[in-house]
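Below, subunit A partners subunit B and then partners subunit C, in two separate complexes.
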Partner chain A sequence: MGSVELKNVTKIFPPKTVAINNVNLKVHDGEFFILLGPSGCGKTTTLRIIAGLEKPTKGRVYIDNEDVTDLPPRKRDIAMVFQTWALYPHMKVYDNIAFPLKLRKVAKDEIDRRVKEVAKMLQIETLLDRYPRQLSGGQQQRVALARALVRKPKVWLLDEPLSNLDAILRVQMRAELKRLQKELKITAIYVTHDQVEAMSMGDRVAVLNAGRVLQVGAPNEVYNKPNTLFVASFIGSPPMNFMRVALKNEGGNYALVAEGVSIPLPTELGKIIEEKASDVNDLILGVRPEHLELSTAEDSNIRGEVYVIEPLGSETILNIKVGDNIIKARLLKETTLSIGSKVFLKVSTNSIHVFDPSTERALF
Partner chain B sequence: MERNVLAYVLVYLFLAVVFAFFVGPLLWLFLSAFDPNASPVFEIPSHFTLDNFKKLLVPVGNVIPLQWILNSLIISLSAATIATLVSVISAYVFARYTFKGQGAMLTTFVILRLVPPIVIALPIMMLYNWWGLINTYLGAILVIAALITPFALLIAESFFRSLPVEYEEAAMVDGCSRLGAFMRVTLHLAIPGITTIWLLSFVTAWSQFVIPLMILKNPALMPASVGLSYFFGEYGRVDYGRLSAFSLLFSLPVIIIFLSIQKYLRKGIAGLVSR
Partner chain C sequence: MAQGKNEGIFQAHEDLSSGGMIDKLASFFEGRGAFLFLVPALVLIGIFVIFPVVWDVYISMTNASLVGPSAKHYIFIGTQNYFRLFQDFLFLNSLKVSFAFTVLSALIGQAILGLALALVMRMEGIKGKILVATVVFIAWVIPEVVAGYAWSAVTDKQGLVSAILSFFGVKTEYSLYFTHPFEVIVVANIWRGTAFSMILFTAALEGIPKYIYEAAEVDGATPWQRFKYVVFPLISQAILVDFILITIWTFGVFTLPYMILGPGGGIGNAGQLWTLYIYFKAINNFDIALAAAASNVMFVIVLALILAYLWSMKYFRRW
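Then we have the complex of A and B:
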């Protein structure tokens, strides 16, 4: 069992760096939980507070519903991969991995079996009698991961554990890690700033920015219903397109309009926006590149002209000039369009997002 | 081009002068130690002999000179070890914890270090009289250790600060207590630094003069640095051969220790510099 809960946790580094600001999180037992956010948003600090390496300035930490805020790391039954790996320089790879087991007085042959098992999974079994300094960055990172995975603690805390691997190995290791986690049902809190990793691995994702948790939810939830401009722009690749629009109401017929944009809205939606927006004439429309499709002139609700074409093999990214904005559309076919030609696009009202620029929050 | 050559010549000339300045006296010492007719004049001996060393086994007063070297070893090894232990443990606390008055305490140590030993000699003598530590090894060892400790502490503190704290944190996550993490991880990584500190302490202790001169009045307990003065006999007659042989033996332990832990030392100094 290993649920983790942070209640109103704030960490201030003297004199006044607010690393995390009133964070509330509940990670369920056996969950693969992702902390996602840009550099410096407080991901590592959050993990270190859960590990007990950093005392929160305010708030409490619970593991398994037990208040562990004042317990040292060794009494919390956690294992951690450090962002900087922190492999013991004076120990060989084998001893690095075996260290946590030795401390727990596990029998020698059991240690040997488990070290070799985890080394095999991470493809480092040939490196066991080297010193950390004799390894490449990616190899060292896998040793650090092995040292955490060799134990079966209540919680694994993984700080960007795959960041240094090449693309192929990374995809392999993601799958291995996820499989192992599901098999052993050990709660994992996984830090990354790679949104693809977050979407593909997490049961739930918490998106952080500037020390605050902006949104927590399943990957498809944060993708489909981002609650803030930040979450909307951070998740998805290429990122969501944003355009300034106004809400027009002509006798109960609502539409979002701007130069090159005219999207009729269902009445209820129009009403919600009208009610919640601080200024209906200044709204931000968000549309994901993958939700734009080519259409005929009369079906279209966005029109512009082709600015740049990026063919990527299986797909094509069209850069389109709409009014003063350049927006991206992701097409799954090759296109016959050429630069400068007129282009008609259509987006379903189910896949649009509207934000209030003054609060940066989604309006529905 | 020409200026370059000139610069080289000047640099080498300078190095040669420095070298002569340091090596000249040592060379004289070395030669006269094996010279049957050593004199203050620099000369190549007519033949080499070990007689001067044999004379060190003949008592001066009623103490065999070799005893002084032994005394030096006893005092310096103990003082250096005590100073190293004390400074490493307290430096670790200084480097890893923050507490009130930390800066003030470190400053105090620096000032302690700057005070010339002779200044505290009188109070120490009075205390020692009281405690009965005059004329004991222990007395000399304690004062010398106390003199070295502030300096050793400053070096140790900067060394621990330069060691990444993450290894220790990893050990604590892996299941160590703080003390366990220190013993199993930090101490291993600190070996070069600790060796450096011990060596510097030893060398400082080895060349102490004033303190042992005051505390150890009994010739049988004197260290070599003090015993050396006994060779300047009455009426200014000096046996230069014997003096040189003794001086050579006096320098030997420091050189041997340095060479045997040079490997660690270089790492240690590199560690100190990389900070």
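Then we have the complex of A and C:
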């Protein structure tokens, strides 16, 4: 069991830095929950408040429906993996892992059994007799995970545990962490600024920016239906293309237009935009690079000329100049196009996003 | 153009490295030159450090006196002074007093109080801690003679301590330094020297990353467990360094007890430290050769202590 709930949590660091602003979150039992956002967005502060390392200025924190706001970390039955792993330098790996059990006065043979069990799970049995400084980054990280898991806590808090690893190890650990979490059915709250990590690991993702939670949902939901300009731009790689467009209504035939862009819209969609937008002549169109495909001149709704071609082996990123904008299109085939040649693109109205620049919110 | 400029730089660099000037300087330093530069320092060390030590060892093996015929015409008498020394009740007493003084005032008093203060300084939300730190620090920086007079005054029968005691109805007939000479100098030395340990431990505690404390907190450690299992092992080396330094200093303390008790060390020589004994022998008894022998014994004992500390250091910090 281990659900976590934050109710109206605000944290102000004196004198008046608002780290997080009225955050409401509910993390379900057994869920892999991701706090995603750029540096300084408040995600680590949120995690530290759940851990009890920071006291919220306002609001309450619940673990398993029990109000733990005023409890110190040791009484919350949580475990945390720090970005720096925070191993005790003077203890051998065995003692590092055993430490949480030793503090709880667990019997020696029981400690021994559990340390060996978790060490085996994380494949660090051969390292138990070493000091942290004798380990590589990846090994230290496993020890930190082991220390957090050995106690079977209610909630597992992870603060960018992979960010100090090299790229290959990071991808490998990503899968392993997810497998571990599912195997142990433990509630995990995972902080990261890496949207790929968030998408690939999380059951649900909360996107934070400037101390606020912008959107909470399953990875594909956040990806397919970003509710704000920020979420749309933060998730996806390469990021979503944005262009300034206007909504034209010619006798009930709606279309989004700009230089090089003319996307006819279904009437209902046109009406929704017309109704919600504060200025129909100033809208932001968002299109993901993977939703643009090459087409014939007649079928196209975006046209421009090739600016740069980035071949990446399995795919090709085409940089296209449309009006004053450079947009990226992701093609799964090699292209015969060359720089400067005219290109016709097509995007389905199902995969476009329209935002109101004044509120930065999605219009549908 | 740009290329030409670069070539110029390389050219100049080559001139410097292969050209005569720097090479000559370097070979000058590598040869006798380096030694020449050390001569002034070596001369000073020779005159003010090495010669007095050798002289002290020599004098301790003569019958030299501060006054009288043997002040001028002394003869070599071998190790006799050392035998006299270990038959002298006062010397054996001063050994005992100095050991007790060092253990109680430095290793227990200054180190524990200093550590406690350093820990308090790190706690958040404690009012007046800066004031306490300042007071502790002042005790350390005021001149020792002044501190000595202050303690004589405070522990006098008309002093502050008597005043406080009489406020609680305890009548004091004699000065405290008269009835309890040893206790007074122990307390005075704790008061005076705690600042050093506090500063040293504060620095050591600052050296422990914050996330280590936090990891321990999350792992479930109570404040006492955090200290016992995490903080204490991590500062154990600093504690050892502190022990080494305050042991050396406390064995050498002279001015403060001298100002309070005089060379006799108070009633029954209860507070006659080693240093006071040496002074007493040399200045009051004119027995300068015996004093020299005593100071040599002191040197050997302190050296042995320091070596023991250094030896034990390898049992710390295995990580």
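The criterion applied here is as follows: the second predicted complex is superposed on the first by the 350 of 364 C-alpha atoms of A that agree within 3 Å, B and C clash if a C-alpha of one lies under 4 Å from a C-alpha of the other, contacts with A are read in each partner's own complex, and residues count from 1 in each chain.
In this section, a contact is a pair of C-beta atoms (placed from the backbone, for glycine too) under 8 Å apart; a residue touches a chain by one contact, two chains touch by 3 or more.
From a predicted model like this one, the values you see are computed outputs, not experimental measurements.
Participant: Clash or fit: what happens to subunit B and subunit C when subunit A is overlaid?
Facilitator: clash
Participant: Per the contact definition in the header, classify A:Leu103: touching subunit B only (first), subunit C only (second), both, or neither.
Facilitator: Once the two structures are laid over each other on A, A:Leu103 reaches both partners.
Participant: Look at A:Pro132 in the shared chain and tell me whether it touches subunit B only, subunit C only, both, or neither; answer first, second, both or neither.
Facilitator: Touch partner of A:Pro132: subunit C, not subunit B.
Participant: Spot which of subunit B and subunit C makes contact with more residues of subunit A, would you?
Facilitator: C
Participant: Check whether A:Ala51 is in contact with subunit B, with subunit C, with both or with neither, and answer first, second, both or neither.
Facilitator: A:Ala51 contacts both subunit B and subunit C.
Participant: Give one of first, second, both or neither to describe whether A:Lys16 is in contact with subunit B, with subunit C, with both, or with none.
Facilitator: neither
Participant: Between subunit B (first) and subunit C (second), which does A:Pro72 come into contact with in this model arrangement: first, second, both, or neither?
Facilitator: Both subunit B and subunit C are touched by A:Pro72.
Participant: Following superposition on chain A, which residues of subunit A contact subunit B and also contact subunit C?
Facilitator: 51-53, 72-74, 78-80, 82, 84, 86-90, 99-100, 103-104, 147
Participant: Would you pull the subunit A residues touching subunit C in the complex into a rising list?
Facilitator: Checking each residue of subunit A against subunit C gives 51-53, 72-74, 78-80, 82, 84, 86-91, 99-100, 102-104, 131-133, 147, 151, 157.
Participant: Give every residue of subunit A touching subunit B within the complex, in rising order.
Facilitator: Subunit A residues touching subunit B: 51-53, 72-74, 78-80, 82, 84, 86-90, 99-100, 103-104, 147.
Participant: Could you list, by residue number, the parts of subunit C that touch subunit A in their complex?
Facilitator: Residue positions touching the partner: 209, 211-212, 214-222, 225, 229-230, 233-234, 317-319.
Participant: Quick one: which bits of subunit B touch subunit A in the complex? Just the residue numbers, please.
Facilitator: Where subunit B meets subunit A, its residues are 164, 166-167, 169-178, 180, 185, 188-189.
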